[in-house]
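Consider the two complexes below, in which chain A is the common component and chain B and chain C are the respective partners.
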Partner chain A sequence: MKRYDAIVIGAGHNGLTNAAYLAKAGLDVLVVERNPYIGGATVSRELHEGWLYSNCSYVCSLLRPEITRDLELPRHGLQVVPYGGGVTFMENGDYFASFEDHEAQLREIARHSVRDANAYERYHTDVTKQTRLIRPFLLRTPPDPTSFKPRDIKELLFLAKAFYHLGEETLNDTFRFWTMSIGDYLNEYFETDVLKAALAGSGIIGTALGVYSPGSAYVLLHHYMGDVDGTVGAWGFARGGMGAVSGALAKAFQSYGGEIKVAAEVSRIVVKNGRTTGVALANGDEYHSDIVVSNLDPRRTFTVIMDESDLPADIVTKAKNFKIRGSSGKLNIALDGLPTFTGLDPNSRLMIGDMHFSDSLENMERAYDDWKNGTWSKKPYLDMVIPTQTDPTMAPPGKHMMSVFVQYAPPKLATGEWTDADRDAFGKTVLDTIGNHSPDFKDLILHVEVRTPQDIENEVGLTEGNIFQGELTFDQLLFNRPFPGYAQYRGPVQGLYLCGSGTHPGGGVMSAPGANAAREIFLDLKRDNLVPEAYADD
Partner chain B sequence: MTEYDAVVIGAGHNGLVCAAYLAKKGRRVLIAEAAEIVGGASITREFAAGYSVSACAHLLYQFHPGIARDLELEKHGLELASDDLATIALASDGHYRRFSGSVVTGNGLTQKDISGFAAFHEQMTRYAKLLAKVAGRRPPKLIESDWHDKLNLAKIGLDIRRLGRDDMRELLRIGAINLFDVLNEKFTDELLKGALSVDGVLGAHMGPRSPNTVLAYLYRHLGDGFGTSGPAIPRGGMGSVTMALAAAARAEGVEIRNRTPVTKILCSAGRTTGVKLGSGETVEAGLVVSNADPKTTFETLVGFPELEAGFSRRVHNIRARGTTAKLHLALDGMPEFTGIDAIDSGARLVVAPDLAYVERAFDPAKYGEFSPAPIMEITIPSVHDETLAPAGKHVLSAVVQFAPYELKAGWDASKKSFENTILATLSQYAPGIRDQIVASEVLTPWDIEQQFRIRGGHWHHCEFSLDQFMMMRPAFGATQYYTPIDGLYLCGAGAHPGGGVMGLAGRNAANEIVKREKTT
Partner chain C sequence: MIAHDERRVIETPFHSRVQAACALNEWEEWKGYTTVTAFTDVALEYFAIRNSCGIFDLTPMIKYRITGPDAGAYLSRLVTRNISKQSSGQVMYCCWCNDAGQVLDDGTLFKFDDNTYRICSQERHMDWFGASAMGFNVQIEDETDQVAALAFQGPTSCAVLKQMGFQDIENLKPYRFTSFPFDGQELMISRTGFTGDLGYELWCDPEQAETLWDALMEAGRNYGIRPFGAAALGMARIEAGFIQAGVDFMPALDVVRSERCRSPYEIGLGWLVHLKKPNFNGRKALIAEKEKGSRYRFVKLIVEGNKPAEHAFVYNRRNQAIGTVTTAGWSPTTKSNLAFASLEMPWGLEDDELFVEIYYIRELKWTRVMERCHVVKDAFFDPERRHATPAWDF
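So, the complex of A and B:
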């Protein structure tokens, strides 16, 4: 069989990013993908005739602009349309609107509470400070704090310097922000339940934490640190669905001469004498390379496609203890027309943004309690969008596609594995929640795809269906991600690398882990580094 | 020339420690205490004829041995009725788990859990030793740091390095996360995990799944860092600790006035000039040291008009949601706990059958409801100390969680049903106990606020969590014992390192005052 300079396992956005950088440097790179299509969780799929679903990830913001520029993704077809704003429906029939425009946002908050409108100015300034602090670290390799290597010490100093520039008071606020619950944090600023609920959503999406769990404020930051066209914190729709992101990455990769094999499931990473020599496929084929990069999550990499005997014992334990908890579900819905929502003008710009149905922190925390008790939330937090309003490519004319992200759903129920009846009941809970605020919604439904965490695992390969490839808690952030001592993208076996969201800086369609891993590979190969470390705007 | 150099507000253990150290340094100190007796939340009280109990704090977990030595507390009458108490995790079917130092015993425990616990205990003790060092010093500022801070930071960095690579990595991994995950990684026995999780949530508005609980666990085990292997019970109850401290303070020349509430901290041009008492009398002093909680100190005694808006907001935002209640029972005989020998009834008994139970006990507290199935830390101090109850009789003191300060239904309407809930839970482990009750008393966080003058009824004064830890405790602008008001200092549990009858906040504050007020 052919020999490659590098083999990347998994054609998710990080795998493709990593492969694209390696190929750009002139390496002969193969990407192998288990599914018959590329993208991992960054896909658009036609699961109902005429409709394209962004059936896992569904909105775009975190994708690093350096990478977009470096790999010329717009030239390869990527177009992100910002949507801005959104709406949270309240049980009393009113709603709370979110606007991209600061003045409009203040007016809307003042409609609910003048005091909170004043506080929002402070909140906005404070959170923006945190965002600015973290962005420069996304495209850097975390230092090992136990190491005395010059590179690690230099990187630690870089970290220290960034913190030092904050000044004592802001540094204090930063530590508090990183360790507090989003609920407590918002309670410090605001009195209006629905405002707090609207902001808190970003603190729990994809995470097995509640709004009152310390550490959830950081998760909020994780959703704020992206941008669309330079607008920090903004979100947008990729035209053609999220598959457009992986599609553009794949085209970039191929334009550098890279090769992708789909329907090629890796059964084993081959290790000989303590170093990787290639991969073995389920169909018996073998491909050889001194460098194997896994885009799979750390648990799956070390416990499923590697032999325990090839690994140090502590790695196997760490992989088994790695916190990768399924907490999210998804509904993709084909609609015969655009639904209307109680109290909302059908021509409102808010229709284009994301819609939420949780109007208090207490409801959101109770939704988490349900998850802890091994059931899906009875009053789930939903992040719902109808991208076909701005992107007509995803549904037939006049028809619409709706994407509903659902928090929380457990990977396994207290009663055992998910059954079809459970999935239907879960779907009904979500549809009812939306139906409560949209009288015509249910009549417009043509097709519904309900995805439990179990379904996401089965299809995409993310353990437990965790969308971030591992919880974003302090034991798994920065130099602890995925494990202490292994945060620099290198596996415990020579020639083995990790490039997925399970590594720093974590999940979301960001591509930073893939790029960072490429930088480490260049370093080991003693080649010129093509991966940027900083962004002019930061 | 005023009569006093310093007025200390409140004769709680930290106020007494601080006053004694200040007096040792030659300061003339007055302690103004609102209550009839000294002691704050560390007192012994007769709650039924002939029966006395430690009314708030009931175990000495981590009293600092250096302070006991400096202030010669033994000489001043402090005697331990029992120390290095074992902890016993109760199960309703009697198959208990017994913890003593690094040894855990009990029917059906696997060898892996037994040796795992020994390793866990030893590792936690190494971390507790590190934390104990940090607790004994002023929390450093990181940027506006003077050379004391820089030295302190260097020491902390060096101590963390000295742990060695594996211990250091593990500390950096688990230091900020939750006990639930850590215990599940290490152990399989549910009763063992449940009992250990209690040490992370005791006194806190947190369940085992809440990040911060590993830190809280280490804090509770600071005593292990001081060389003890379990909590102690002082003879005569917790009041004897503060009595001894008061005696030590008086011996240094401190004047203590009981029944003397302070109603106002007087300020002029950003500097304190003394305090106003409930009697209307004014006591002038260039130094005022508050052992009251930060919210009481700044909101009530100083008043927000004297303070800058940003600081006032920070004080307002200090989290201090008491969720802990106390149960006191006068019993006409020794209660029988299923499966527990009489001799072990003197141990620290814990009701926390599994991790999910403890988490479920916490959940209602988030919504302003009390636990329908609470967790408990039970002591029967009369086993060790015959002075607390008539011959042959006993007193039981239990910490009960979770009972939120802000109960939606209101405590007046709910206290009786809460007491019934506690007794029903207790009866599952000591079936005959209801028939032995001569008298009972329940203190809700609301009662604790009223009786012990702690805002929110939180025994740490402010929640002990990472966002209110070290240089963030209690709030930016008041983190190194001094405050935005010149001459006003904090010495209570709301200051670093935090609550528990330990004395370090008082001692650290005294050191800081002496350092900063050389010219006074």
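So, the complex of A and C:
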């Protein structure tokens, strides 16, 4: 069988990013992907004729602009269109609007509370301080705080300098921010329920934490630290759905001579004498390479496609204990027309943004209680968008595609595994929630794809359906991601690397883990680094 | 339920009149309101301020009403200035700081009576005011959109107000205010302004806004009255030496890079700080700064030549960049080239030899000049008529 310079397991967007950099450097690189299509959780698929769904991820902000530009993704077909703003529907028939524009936002908040409108400025400044702190670290390898290698000391100094520049007060805030709950954080600023609910959404999306669980404030930051064209915190739609991101990465990779095999499930990473020698596929094929990069989450990498006897015992334990809890579901819906929403002008620009139906922290915490009790939320938090209002490529003219992200749904129900009936009931809960605020919505439905965390695990391979490949809590961030001592993308056997969202800086369609892992591989191969540095943010 | 309004900017109560007068159709946004940059001709508008009189829609200025038995004590805790001697009907210019002694904003404090005040500022502060009010029996209300306001500035402004029948207005001293019956309601007039000239600010119910505008325009017909926009005001305020939040200093609340804040001492407002006052927000930090020394000095500069030094670097004799210009412009009245700058300590003493680096473009060709500049202590322009009571007729 053919020998490659490097083999990347998984054609998720991080696997493709990693592979693209390695190929760009002239290495002979193979990507092997289990599914018959590429992209992992960054994918567009046609499940209803004429409609394209962003089946998993659906909006884009975290994708590093340095990489988009460096790998020429626009030339390979990627266009990200910002959508700005959103709306939270309230149980009393009113709604709360979110605007990108500061003045419009203040006026909308003042409608509910003048005090909160004023406090919003402080909130905005304080959160901006935190995003400014973290953004420079996205394209850097975390230092190992216990190593005394010159490079780690240099990186630690960089970290220390960034902290020092915050000033004493902000530094104190930072330590609290990284560990506190989004509910407590917002309560320090605001009194209006719906405002807090609208902001708190970003603190729970994708995580098995509630609005009052310590650590959820950081999750909010994780959703704020991206940007579209320099507008930090803004989100946009990839034209053609999120598959456009992985599609462009694949084209970039192929333009450098890389090779992708789909429907090629890896069953084993082959290890001999403490070094990887290649991969064995489920179909019996074997491919050889001294470098094997896994795009899979750490749990799956170390406990599913590796032999425990090839690994140090502590890694196996750490992988088993790695916190990777499923908490989210997803509905993708083909619509015969654009639904209308009670109280919202159909021509409002808010229709183009993200829509939500939880109007208090209380409701959101109750939704989390349902998850803890082993069932889906009876009043779920939804993050819903209709990208076909601006994207002409995903549905026929006049028809629409709706993407509904659902928080919370457990990977396993109290009653046991998910059944078809459970899935239907889960879907109905979501459709009813939307239907309560849109009288014509249900009549417009042509097709629905309902995905439980279990479905997501089965299809994408994200353990438990955890969208970030592992919880974003401080014990699993920065030099702790995925485990202390293993945060620099190198596995415990020589030649093995991790490049998925389970590594720093974590989940989301970001491309940073894939690129950072490539930088480490270049270092080990004593090759020039091709991965760009982050844009200076001063 | 208050109706939704998705507009980015909204109109002031004077909008119908302002729009009709805005021949140039040149607008800008100010705190969420549509306001005028220039009505007819910036030079004409500027000289209305300095030669006859002009009116300016001031409504977007942020206004808070502070009431309650502890209002005085609360405000004394809030601002750095000693306001214990402020009498009813008096206005005091103040600034307020966070606990780190960094300036949040400057503004004017109006005292109606012991229990009732108004504070006007560039930025919104309800959040900070509210947090500082803990333990005080006060109510704080944002009355920005409940009070329509006009600046009425210029040498003939008093004559016009007399013409309108506001008796004894000429005896109103600078930084004092009073009220008159007008259009069946009350019109408040203060002898204040942002132009450094004789002038007033008029405060009324939004319902009366159009009537007030019309009455002023009518009474001012023979006194050279002219609406003016932000461009003309900007020229006048430099001459007067007035700093502006967000332009000459960053309000501490908006600052994400901690070292970009400024203390009152660092923006030329040290005279507003009374450390002897028992307790006020930022006092501890300001006492420490007083001992340790400040990081920056704010200076007024006269720049040689006639090219505006906007956003220029300031250099010392050894060609080290030691600061930046925050505001700059040509002064038509003093016929000189003015600038404000924030300099690193110890620079900015009166006899320091300083230079500004000016870039200007002529027919697509950039030119760079280093101009000598001179630190000056007082306002660039401070006419006697601004202070005289009774106020002059022109």
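One rule holds for everything that comes next: the second predicted complex is superposed on the first by the 535 of 538 C-alpha atoms of A that agree within 3 Å, B and C clash if a C-alpha of one lies under 4 Å from a C-alpha of the other, contacts with A are read in each partner's own complex, and residues count from 1 in each chain.
Definition applied: a residue touches a chain if its C-beta (ideal position, glycine included) is under 8 Å from a C-beta of that chain, and two chains touch if they have at least 3 such contacts.
Everything numeric in this text was worked out from a predicted model, so none of it was measured.
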| item | value |
| --- | --- |
| Partner chain(s) touched by A:Thr174 [first = chain B, second = chain C, both, neither] | neither |
| Partner chain in contact with A:Gln494 - chain B first, chain C second, else both or neither | neither |
| Touched partner set for A:Ser267, first chain B, second chain C, both or neither | neither |
| First, second, both or neither for A:Arg115, with chain B first and chain C second | second |
| Contacts of A:Leu350 with chain B and chain C, given as first, second, both or neither | second |
| First, second, both or neither for A:Lys129, with chain B first and chain C second | second |
| Contacts of A:Asp184 with chain B and chain C, given as first, second, both or neither | first |
| First (chain B), second (chain C), both or neither touched by A:Thr429 | neither |
| Doubly contacted chain A residues - partners chain C and chain B | 166-167, 169 |
| Chain A residues within the chain C interface of the complex | 92, 94-95, 97, 99, 101, 103-104, 106-108, 110-111, 114-115, 117-119, 121-122, 125, 128-129, 132, 165-167, 169-170, 189, 348-350, 538 |
| In the complex with chain A, residue positions of chain C that touch it | 1-2, 4-10, 29, 31-32, 100, 123-128, 130, 142, 253-259 |
| Residue ranges of chain A touching chain B (in the complex, touch as defined) | 145-146, 163-164, 166-169, 171-173, 175-176, 179-180, 184, 188, 212-215, 321, 323, 362, 365-366, 369, 372, 473-475, 479-480, 484-485 |
| Residues on chain B engaged by chain A in the complex (per definition of touch) | 141-144, 165, 168-170, 172-177, 181, 185, 206, 209-212, 313, 317, 319, 359, 363, 366-367, 465-467, 471-472, 476 |
